[in-house]
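The following blocks contain the structures, represented as structure tokens.
In what comes next, chain A is part of two complexes: it sits with chain B in the first one and with chain C in the second one.
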Partner chain A sequence: MAGPKASTAASKPASSAVDPNAIHSLWKAYNDTTPSRLKLIDSFLVFLMLSGIAQFLYCILITNFPFNAFLAGFGSCVGQFVLTASLRTQVNPENRGEFKDVSPERAFADFALGSIVLHFFVFNFLG
Partner chain B sequence: MLAYSLPSDISPSTFVNTASLVRIVALGLISAAAISSRLFAVVNFESIIHEFDPWFNYRATRVLASKGFYEFWNWFDPTAWYPLGRVVGGTIYPGLMATSGVIYNILHALNLPVDIRNICVLLAPGFSAFTAWATYMFTKEMKDESAGLLAAAFIGIVPGYISRSVAGSYDNEAIAIFLLMFTFYAWIKALKTGSALFGTIAALFYFYMVAAWGGYAFITNMIPLHAFVLLLMGRYTNRLYVAYCSWYAIGTLSSMQVPFVGFQPVRTSEHMAALGIFGLLQIVAFAQLIRSHVTSKQFQDLLFVSVISAAVLGMAAMVLLTYKGWIAPWTGRFYSLWDTGYAKKYIPIIASVSEHQPTAWPSFFMDLHMLTFLFPFGVLVLFRTLRDEHVFVIIYAVMGTYFAGVMVRLMLTLTPCVCVASAVGLSQLIDTFMDPREPDVGEEEEKEDGSSTTATPSKKAAKKEKNAAPVTGVGAIDDIVSTLSIAGGLEKDKSAKAKTGIFGLDTRMVVLFNTAAMLLFFVLHCTWVTSNAYSSPSVVLASSNPDGSQHIIDDFREAYYWLRMNTKEDAVVMSWWDYGYQIAGMADRVTLVDNNTWNNTHIATVGKAMSSPEEVAYPILRKHDVDYVLVIFGGLIGYSGDDINKFLWMVRIAQGVWPDEIQEPNYFTQQGEYRVDDQASKAMKDSLMYKMSYYRFAELFGGGQVVDRVRQQYLPKQGPTLDYLDEAFTSENWIVRIFQVKKEDLLGRDLKSANGFAQGKKRKRSKPPVKRRVLA
Partner chain C sequence: MFRIWRVLLLILSLAILSYARSSTGNSLLVVLDPSLSKDNYSIFFKGLEEQGYELTFRAPKDVTPAIIQDGIASFAHVILFTPETKTYAKDIVPQALVDLLSKNTNVIFALGSKQTPLTSLASEFSLILPPPGTPLISHFPERDTPATVVPIPVSFPSPALTSGLSPVWYSGIPFALGNNPLLVPFLNAPSESFAADTTEDSGADAIVDAAERGGEGLWAGKDMSVVTGFQTIDGGRALFVGGIELFSDEFAKKEVTKGVKSGNAQFARDVAAWTFQESLVLRVDGSTHHKVNETQPGDKYTTNDHVVYSTHISKYNPTTCTWEPFSGLTDMQLEFTMLDPHIRTSLPPVQGKPGEYSVTFRIPDRHGVFKFVVDYKRKGWTHLHSSTTVPVVPPRHDEYPRFLSAAWPYYVGAISTSAGFVIFSVLWLAGDDRGSRRRKGAKAE
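Let's look at the complex of A and B:
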């Protein structure tokens, strides 16, 4: 339940080989059924993904010289992405049954704590 | 109906409070037992560091305690691996030292000035209490609290774990097993609740584990394997996604902060399983999201084109990267776990360690006693209620058993799993036989229903209460017995009508009595093994006199102390690598090689010097500025772990680097025997090791038969002579012999002819001196 790729046009070119009808209906279904809160989270996810892709391209095309700095930056993007995706899953009303112990507020607190810990290590690793 | 009567006037809160009090007291007692059973070595001998590796950990901890953390972090040790030196900060797992340093500072802040040595000695027993607690928490997630208590009791005293954590064994495993269990607990908890908090906790303890022990690779592969098996079983849940991703993202980034690990998590094959499962989970989660939005027909189109191709592409990319060399292949140490003949063929230094040999059957029984056969039963019980977390224990059981079978020292990682599974099995057994309910036979029930007046009052009351008030009274007492939750009372009451069960009190008593007896024998066995086999500090050797009193052989410390007091501060001591850490720790002198075997060529150099004739060895010794050579010799008192018995490994390791100068077959007799007596081969008799070990040994026997008590062989009456070395020190029982390397002859002769000259002059005055030879 984590992918943001479904949320935007970003997924379209990736799977353009597929029947365009399916893509279109997917996009429509997404737009119609997703609450605005989740859309907000999804837009953040897309931003994180773009940022990660930009860093990865820089590393591949130009240099990976301070490799720890690359890993820290890229790791922060990936880590923040999966933490946000986890938050999205936990607060998604469709998944209420799966997360009996985690209320949306608790999920947000977990998300905040996880992000703080992650960024502590990121800053330590930037060097 | 009930097999035995139960008190009916206890309120649920009383029951809950009593149960938790019992648990707390039991855990306290288990901790006390775990700590006190590890103190045999301290009580019998003294509070010192054992073995070899702990001496380095202790030395590093002393640096940390006296100079502070930053000095320790950047510590360059010029006295090890002379002339290379060792960057300690980047070549160790600092978790153990940091833990002791923190405890040291806390105790000193509380005005309890405890010596750092005592903290190091008692760290392992202290952490074993934490391990018992962590195992309790872990097993609680598997079954219930009573199984947790059993598991905690097992791991508190089981010899398989005690062997690596007695007082004085200040090794990484001392804290690592606690961290292993707690990381697994947090992972299971994260998986069950789907909480990112527990994922983060698992990642933090994983970080601590990475900082503490090289065995963290076990966690790095166990958790992904568990996630993968769950995926294959079709048990993907969003909780799995949350738990795994929060663990992996934070855990990997944090593990890279440890300098010794560095970029390994993205560069080596050992860590690629975790990365691969991470990628796979993203794809699966994405597919799940799409599935919720489109019809199944369209979903299948999308799935086949995008999802599966992405997975295959990712796999192919990883294989390609490995072949291209971007991702390092398995290191020898890990690879030898799969290909068990690999180390012996290619890396003799790994195969030479006794802990890296396959495990024999008796040692399974010795280390685990009755858990050996309760373990498969426990795994079977886990199979019957196959929840997500049970899959974890089952995988752990399979992997752990395999690894423990391949390598003796990996028995340690198996032990927690054995304790958990056995506790689940045993607690299942006890639950069944303690349950007071008897199976209802159909006709009996009918009879009771039909003519309730004939039933005895007490029976009727019990039955009525059971049916009417499942939450109180009998329902609550049932909980003591089968330890289900209060809420489960209702459900249980329904299942009380079950057709299977145990009849009568006598059958129950027979089985429970047997169980109790087995547990008792387990305790006796553990105590016996711990006190007899695992509690001897290898630094002092104990033997008993005919009258039963203890005789201590303390040659190691005698010799190391001699080195410390009677040699220059910067004297270089050459010995086989086993003793490197002890020399640095106790004698405080510069060593050529030590137990951290990072430079194989340097070790082979020492091996070559030891196994060559004097003339060849001397230039090597001079080039490395060696002042003293130390050998361990057990021939006089029968100490079998001496250097002559390790000699063949020196030859093999040297042969790996200089195959045309050192050949192993030269050290055997014509018949292919390894002998030290007068039939010994020429290479053997000429080797420096042989000469140093048996130098002046024949004199001890005053012309009688010269016998080597380890090899059980008679040596020639005329012992070897040394031209390039002087005997500097020999300990009381001849265990440690230290030789001083002579300086070059003042007149430029080589030392052999100079020696011959000196001796010749004494014996035969009339003869002209031996012709001088100029040193090449």
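Let's look at the complex of A and C:
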């Protein structure tokens, strides 16, 4: 692996040689500077995204029947993703300036209430 | 005293039973031309009387009894033994005869070689008659009768005829048949016979010429018919006979070969029995339908239901004058139609249940007003038609199947999202202290 990469780096010094380093430094910076709570949120977001992609692929490749179940399953992923993403925005310390009057506790309470309402509709629609 | 009464009653009931009557009635009008003697057809008429028919005779020019009185047919059956009659009383016109047939009255037409109102009527029934004065002629087999008197072997396998009939003496005209599906040929001309206006062999040149022109203008061969029935759509039956001599005593008694009597008497009896709706008469007694595993007919069905359709068919038995269950139809079909047949399936007889025909099928995935249709039309047999309308509705909102195996990825997706939310919340709340501390630390930095 290292050999061919080194050779491409030699022939094209501009962009392709930078990429692995850039990704690596991005990953390192993320690991070092992101609070663990945001990492928890991010892992949940990744899980929701993968689950949504899997359901969408199943729908278009295999069957969209029953369609209501697809809508419920896919919608729960998307809705949960949106709610979690907004939670992430509100609890991110870097956004403290924009959400001065929203405490992290308040943000989580909003998130939990929104999620419970979402899941209520999802399970009504699922069967 | 009692015993005598009982014996008399028994004889009386036996006499009634032995009377074979038609399924439509036993009054019979015979319109007989004055030039013909009743006695010449005594075997035929006596046979009908013994069967239980009440014969009324009338000349074509008589005014009474009318064939149609106040719009109602006066007789159940009519025989027109008027092959050469050109003028009739006012009530016997072609329209009236067609009207009779549509009123389920049966008519026997005896045609002759002269041009009469009946010959032009025959062409309305898809019979193509030869020019006037051209009787059927055959020089085979060698015999002592004139060439116009032809023995015709009964080779046509019609279920209405007794099997194993001797050849039938025939003298009259042949006719070609149009492609009308309602025609029921009973007796076709022999292969070596032809129609010609002369019996002299000197006139044979014209026929040889016609044959050399590829048969153009030639009336010959076994595709010509001499006795043909016609069953109207309503069930009335007509019989066209090219020569009235077929019914005569002379031909009935005449020997075909030494010691073998002709089949005329039995043949005339058989075709008359067919015409007067004694034989090959069927009816639909009723039909039912219900869902599988139920017994009551549903007032509506849901798409994809499995339903059982059964129908009961009876056949008229002229020897006992009763309708008997009949399981002999093997090619009946059931159609489930909404404009077009969505399903067409065979309707076979049920083993062990006489007269019962049944089939189970799945209603198509299509809602609307459907009909169960049995439409059985076969040459010679009564046309059977039965139609039952049923609505087919889509399933109610709570009748759809739930928790399908195909949807498990979606269920798993929704459940895992909820589970993920719970786990996330627990981790969030559990990690609260560490996170806040860290955030404070970050702030301090």
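In the analysis below, the second predicted complex is superposed on the first by the 108 of 127 C-alpha atoms of A that agree within 3 Å, B and C clash if a C-alpha of one lies under 4 Å from a C-alpha of the other, contacts with A are read in each partner's own complex, and residues count from 1 in each chain.
We adopt the following convention: contacts are C-beta pairs under 8 Å (C-beta built on N, C-alpha and C of every residue); 3 or more make two chains touch, one makes a residue touch a chain.
Since this is a predicted model, take the numbers as computed values, not measurements.
> Under the superposition described at the top, does placing chain B and chain C together on chain A give a clash or a fit?
fit
> Of the two partners chain B and chain C, indicate the one touching more residues belonging to chain A.
Per-residue touch count on chain A favours B.
> Which holds for A:L40: it touches chain B only (first), chain C only (second), both, or neither?
It touches chain C, and chain B stays clear.
> Name the contact category of A:C77: first (chain B only), second (chain C only), both, or neither.
In the superposition, A:C77 touches chain C alone.
> Thinking of the overlay built on chain A, is A:A54 touched by chain B (first), by chain C (second), by both, or by neither?
A:A54 sits against chain C, while chain B stays out of touch.
> Identify the partner contact of A:D101: answer first if only chain B is touched, second if only chain C is, both if each is, neither if none is.
Touch partner of A:D101: chain B, not chain C.
> Which of the two partners, first being chain B and second being chain C, lies in contact with A:F65: first, second, both, or neither?
A:F65 sits against chain C, while chain B stays out of touch.
> Does chain B (first) or chain C (second) touch A:G114, or do both, or does neither?
It touches chain B, and chain C stays clear.
> Thinking of the overlay built on chain A, is A:V122 touched by chain B (first), by chain C (second), by both, or by neither?
both
> Smallest separation in Å between any Cα of chain B and any Cα of chain C in the superposed model?
9
> Could you tell me which stretches of chain A are touched by chain B in one complex and by chain C in the other?
72, 76, 122
> What residues of chain A sit close enough to touch chain B in their complex?
Its residues touching chain B are 1-3, 5-6, 14-15, 17-19, 21-22, 25-26, 29-30, 33, 67-68, 71-72, 75-76, 78-79, 82-83, 85-87, 89-90, 94-95, 98-99, 101-102, 106-107, 109-111, 113-114, 117-118, 121-122, 124-125.
> Going by the contact rule at the top, pick out the chain C residues touching chain A in the complex.
Contacts found on chain C: 402-404, 406-407, 409-414, 416-418, 420-421, 424-425, 427-428, 431, 434-436, 438-439, 442-443.
> Tell me, which parts of chain B touch chain A in their complex?
Residues 193-197, 199-200, 203-204, 237-239, 241-242, 245-246, 248-250, 252-254, 256-257, 263, 266, 282, 285-286, 288-290, 292-295, 298, 301-302, 305-306 of chain B touch chain A in their complex.
> Report the residues of chain A in contact with chain C in the complex, numbered from low to high.
35-37, 40-41, 44, 47-48, 51-52, 54-55, 58, 62-63, 65-66, 69-70, 72-74, 76-77, 80, 84, 93, 104, 108, 112, 115, 119, 122-123, 126-127
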